[in-house]
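Per-chain residue numbering starts at 1, and chain names A, B, C and D are given in the order in which the chains are listed.
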Amino acid sequence: MSNTTLQRLGRRLRLGLIGGSHGFIGPVHRTAARLDDRFELCAGVLSSDAERGLAAATAIGLPAERSYATVEAMIAAEKARPDGIDAVAIMTPNVQHHAAVMAALRAGLHVICDKPVTTTVADAVEIMNTVEATGLVFCLTHCYAAYPMVKQARAMVEAGVIGEVRQIHATYVQGYFATLVEADEKNRTWRFDTRPGTTESLVIGDIGTHAHHLGAYISGLELTQVMADVGPTVPGRTVDDYGALLTRWSNGARGTIWVTNSAAGSEHGLAVRIFGSQGGLEWHQEYPNELKHRRLDGFEQTLTRRLHGALAPAAEWASRIEIGHPEGYQEAFANLYRDFAEAVTARISGQPCNPLALDFPGALDGVRGLRLIEAAVQSTKSGQWTDARAEV
Amino acid sequence: MSNTTLQRLGRRLRLGLIGGSHGFIGPVHRTAARLDDRFELCAGVLSSDAERGLAAATAIGLPAERSYATVEAMIAAEKARPDGIDAVAIMTPNVQHHAAVMAALRAGLHVICDKPVTTTVADAVEIMNTVEATGLVFCLTHCYAAYPMVKQARAMVEAGVIGEVRQIHATYVQGYFATLVEADEKNRTWRFDTRPGTTESLVIGDIGTHAHHLGAYISGLELTQVMADVGPTVPGRTVDDYGALLTRWSNGARGTIWVTNSAAGSEHGLAVRIFGSQGGLEWHQEYPNELKHRRLDGFEQTLTRRLHGALAPAAEWASRIEIGHPEGYQEAFANLYRDFAEAVTARISGQPCNPLALDFPGALDGVRGLRLIEAAVQSTKSGQWTDARAEV
Amino acid sequence: MSNTTLQRLGRRLRLGLIGGSHGFIGPVHRTAARLDDRFELCAGVLSSDAERGLAAATAIGLPAERSYATVEAMIAAEKARPDGIDAVAIMTPNVQHHAAVMAALRAGLHVICDKPVTTTVADAVEIMNTVEATGLVFCLTHCYAAYPMVKQARAMVEAGVIGEVRQIHATYVQGYFATLVEADEKNRTWRFDTRPGTTESLVIGDIGTHAHHLGAYISGLELTQVMADVGPTVPGRTVDDYGALLTRWSNGARGTIWVTNSAAGSEHGLAVRIFGSQGGLEWHQEYPNELKHRRLDGFEQTLTRRLHGALAPAAEWASRIEIGHPEGYQEAFANLYRDFAEAVTARISGQPCNPLALDFPGALDGVRGLRLIEAAVQSTKSGQWTDARAEV
Amino acid sequence: MSNTTLQRLGRRLRLGLIGGSHGFIGPVHRTAARLDDRFELCAGVLSSDAERGLAAATAIGLPAERSYATVEAMIAAEKARPDGIDAVAIMTPNVQHHAAVMAALRAGLHVICDKPVTTTVADAVEIMNTVEATGLVFCLTHCYAAYPMVKQARAMVEAGVIGEVRQIHATYVQGYFATLVEADEKNRTWRFDTRPGTTESLVIGDIGTHAHHLGAYISGLELTQVMADVGPTVPGRTVDDYGALLTRWSNGARGTIWVTNSAAGSEHGLAVRIFGSQGGLEWHQEYPNELKHRRLDGFEQTLTRRLHGALAPAAEWASRIEIGHPEGYQEAFANLYRDFAEAVTARISGQPCNPLALDFPGALDGVRGLRLIEAAVQSTKSGQWTDARAEV
């Protein structure tokens, strides 16, 4: 796979990092950015604590003068440089996303941002509108949609292989909060912050949005209604750790979403099963290189990346390695960075973008995720079916 | 495993068959009854159509004179014989269960009956009360609870291995009604009969009760509340083929039940996952000889019948074959017949019963299944959480 | 599936049991005989110890007067009865097979016998010749060949689905002798008897013959040459517990056989993988209801019994239960008894036999198994490739 | 995981690439080098064809002046630069390895090289001796040994968890040469070159060495003897595509190796099963994040990276991502580059190396691989057991 960025621009894209000084997701973003060699990581605000940010920047090899104390400072300084950043990657706590995204967009920078995009629907809508108005590239890192076999599933649904979609069932079943970890203050990260302005539901924001996005992405449908049961299952917990939803989708399809981070002993458990009038598809993130396809007549196929030539172009595009060598989470995440790079390169160079690269989650997906959170919380309170449409 | 019936009675138990002239379940019952050699199948009313019943009886080797036209005729004639039947096995359409069970109980016959036990809660309660009043043995064929690894799961929960139960998720995902099969009149069996008096919900009655029973059996909890979405997913269908339920259990545990017979391409899909404060258990009927146990600390064990000595006595009791030879559905079903035989033998011989043999589903399980059906239908109509307790 | 025996003869076949008073395999044979209701178990020599034999016979419900002290006594007495046995089932230690089989055949009784058929090639050949001369039915219980999905595999190879067979790899990896169990005298069963006349190799006789038969049955090929490494892996052991073989087959195909009962922690491990010019097949006894088919082009299919209509008739014939209910070892074993019954019924009634029922292992398979044992032992001694053909 | 290279040297290591202009493995090496950000890819001889090499260098962003026509030219020029390369990465056809490695070592450059290390034992020994004499870092990319769960397996064997090793079975079963692909000239790559000086056996060199290394690495044993059957299975083929070996290991353990690239329909199929006196381990590259551990008593555990704290330090060291996110081949390959970087950094900085980083394959593994190839070919010719020790 040729490096379009180097070919067209004669250089790598210059990326500014926002957040990621500690925790799980910073290294994931940075490795993803490096994996396909489209980016130079050259500036950053790695922490809202300036000292910690500088230490983190140094540890990853950023020049000290390009480690900034604030997003505003970074944007100002970088815009003034001839070799200033082209884009920012945002991996802060959720509550800081909106300000960072808006600042970057207003400064004409392309943005790749972790999910959920904001903490309120209104903020998400503002971002969506700004992206549209500016024409800048915006990518939301719903990384699971970037696995080759997930793209294959979407392509198969789109091609009518399973017929009209009738059922969508998604789960995300983790176990790392199965005890009252937050009793120990050092575990009480921003995720346990329930002050006004933070994400309304920990579990729906963190993993519910992923399960929902996966179902929406593969099916090509929009979630319309939910009946939800969201709450804590661990005694003493004040945030939620469990969400189960009955769902309705835009074509009338029914389904369920079950997400939890408190299923003791579970590891990851992201999975989706979709059934149509002609057959069904099943995918598990823990075995990402396999997609099950079953048909009405009892036929069951396991699609893998071995099927060169027989896979959808979107799936081939998302895979780097052949003949059964397993690809994983980091490669899927990197697909988003690569596709984001392709889109930004096309914008900068004025040349067309490979359409296969444009299939990444964007601001509308962000709005839909926020609507899911809102509707799930509301439905739980009311005990009623609740509208979940993004109303666009 | 010694044949207690032969030992204590010097003969096999004499069984009268009710129903089973055609369809899937008749041969399953009869094979189950033969497998452990505790029964002599010696009389029957194999069909409500007398001629068809006689043909079916002859085909399975019953003497013509003991093939009867009605349950009442069988009971009367058999009671008059010195070698008359000890018990009846009922495998008719649901709507006929209640009358057959009541007739048998009133005649002092022990009963093994397919599920759901009746079509109304009131009828189920009447049976439960009659069983209690008569002291006769009553077994309801929730066969999945008789798999060795399901018994192992129950024993582990009971022993506190996974701690306090917090989540219960059960699925039963089949595909044989994924098209409008009932458009063809020959497929329009009793299952599609929606006249008053028939089971209120096809899908909850047929498979929802199994999923529910499995969760209840393993957890030792009672279902208290459901929020249900039951209905058809296949255009043109007038019965339901899909049920998704949010659930609450007697200790406050939450969960879901998802059952359907219209997931195109699916085969069986009965599975249960239960999580407690210390770990979780997972079992799939398609791989029945394996039980997954995971703990808080990341430990994951696959229990199989190889674990002789380390398995619960209940699991050892339910298994016949060693060293990895797979056991299946027919063996599980036969476990119910064997345990029913042990209980009946104890009653007849006046000797004590092995307590391991007394762990089979009974009339209360029948009442609970009917309450599930009722609550799921009501909740779907009202869009409200609905009480599902058996109120015993 | 209709009961041809009852239909044609108006009665069940009368079976005499030889062996099976203790150990694993006796109940397996008897359950298999009962499962499809073609047999009446009515006589037996359950042990070479007359007293123990009578006790065992009583425990399974045989009348005392038809429990005999010797095979000869049983044959004489039963031949004299109007309702005497039609056939015998032999489940003694290997060393007693030959005499029992020959006695039965000479008395005109049909025979179903456990494997290996004898302890020497010469004895196996004598049986084969006698079977041919008498025209009696002889079935050797290589039970794994009776699984529906194994029959499906054979049918697919025969139909050319995987093209010309090029590689055959079979394993049987158990663990129950992974320690020096025979140090304890009570574990020193006939299997550890190495006196002249006993089976030359414990591991090849016990499980090597199964792995070999499975490869031969599915491929339709004959084993021609082996290069073997057979011996003990547990210190202090005087019998063998490990055999690995490089193999050549009649069409030039290559392969391996690896069998052991001393792989600590292993359960069953019988599996076969066959590759041809167009694709490959894979089957594992621990998941017997699935057959993997992969093609040159990367296509991978999992065939299950759900594929009604699309499975080979031989596979449909071998399956009793539908829609994903798992079948296991006992059902496969019962298939041999049912097919044996069909063949005997045809012989007795003079009516034609369903050709699907005639596909069970016979005396030639027995000879081939003995040749495998002989060749593996010889090759190990000589360190040379050794001829393994049955030279028929 | 902190970036020791940046910390200690204040810069990344400068890497020169040799080979990789086309084919599968070039991008794998380069991505691996980038993934953990220890290297700057700054020079290269990407092809033996200078023009093609320059084009390839440009495409991956190397400056034209550091794209060289020959290894010698690169070494000379880079040694003259103040910012010249520290090390080379060799990913040419096998036949070019020896010259490139020797030139680099003589120039004082550290080397990371693809396998098999050379085409003759003598050349491999020369490299081993030179590495020892120069004290330079040499890493051979047996990448599978760098998976976290393989490291876990080795640590468990070393800790005695499975007792004394008694059986080692490894397979590598691919299908991409299942047809006569070489009939088409464009597919006739260097792998089909059988001229003197090339690797003696395609299949043993390509994948047999991997299977062997995996067994040796996990068991900690040395292969001592083989009885081999190596040859082509596809009609018309002049190179080999199949190898099956009976093996003996340094402690007397027995085993098998089966490798093929002509198993039609197979994808990858690298797997290893090791049994000791107390239990067994099983690992499959297609599901790399799981390791099965079974014990004598029937206990079966699936170890995954979820087991933080309970995994061996070597396994923790080799894993980047948590809570069930799958890692794959590219991450394993990158582990070798990271560990190589750690070792080179330690050498350059004069500071100690984390011992966990020193567990990568080296020159002795290369010699052993060549001895395997030699012995397998010899044994096939002679039909005899053949010594396979590296005689060091």
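Note that in this section a residue touches a chain if its C-beta (ideal position, glycine included) is under 8 Å from a C-beta of that chain, and two chains touch if they have at least 3 such contacts.
If you're wondering where the values come from, they're calculated on a predicted model, not measured in any experiment.
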**Request:** Starting from the Cα centroid of subunit C, hunt down the chain whose centroid lies farthest away.
**Result:** A
**Fill in**
CA centroids of subunit C and subunit D: separation to the nearest Å works out as 44
**Message:** Distance between subunit B and subunit C based on Cα centroids, please, to the nearest Å.
**Reply:** 34
**Request:** Determine the centre-to-centre distance between subunit B and subunit D, using the mean Cα coordinates as centres, and give it in whole Å.
**Result:** 55
**Request:** Could you list which residues of subunit C touch at least two other chains?
**Result:** 267, 298-300, 304, 306
**Request:** Name the graph shape formed by the protein chains and their touching pairs; answer line, ring, star, complete or other.
**Result:** complete
**Message:** Considering only the defined contacts, which subunit B positions touch subunit C in the complex?
**Reply:** 1-3, 6-7, 12, 24, 27-28, 30-31, 34-37, 59-61, 174, 176, 267-269, 285-289, 304, 306, 320-331
**Contact footprint of subunit B on subunit A as seen in their complex** = 162-163, 166-167, 169, 173, 175, 178-179, 227, 229, 231, 233-234, 242, 244, 246, 253-256, 258, 260, 262-267, 273, 275-280, 293-296, 298-300, 383-385
**Request:** Write out the stretch or stretches of subunit D touching subunit B in their complex.
**Result:** 297-304, 306-310
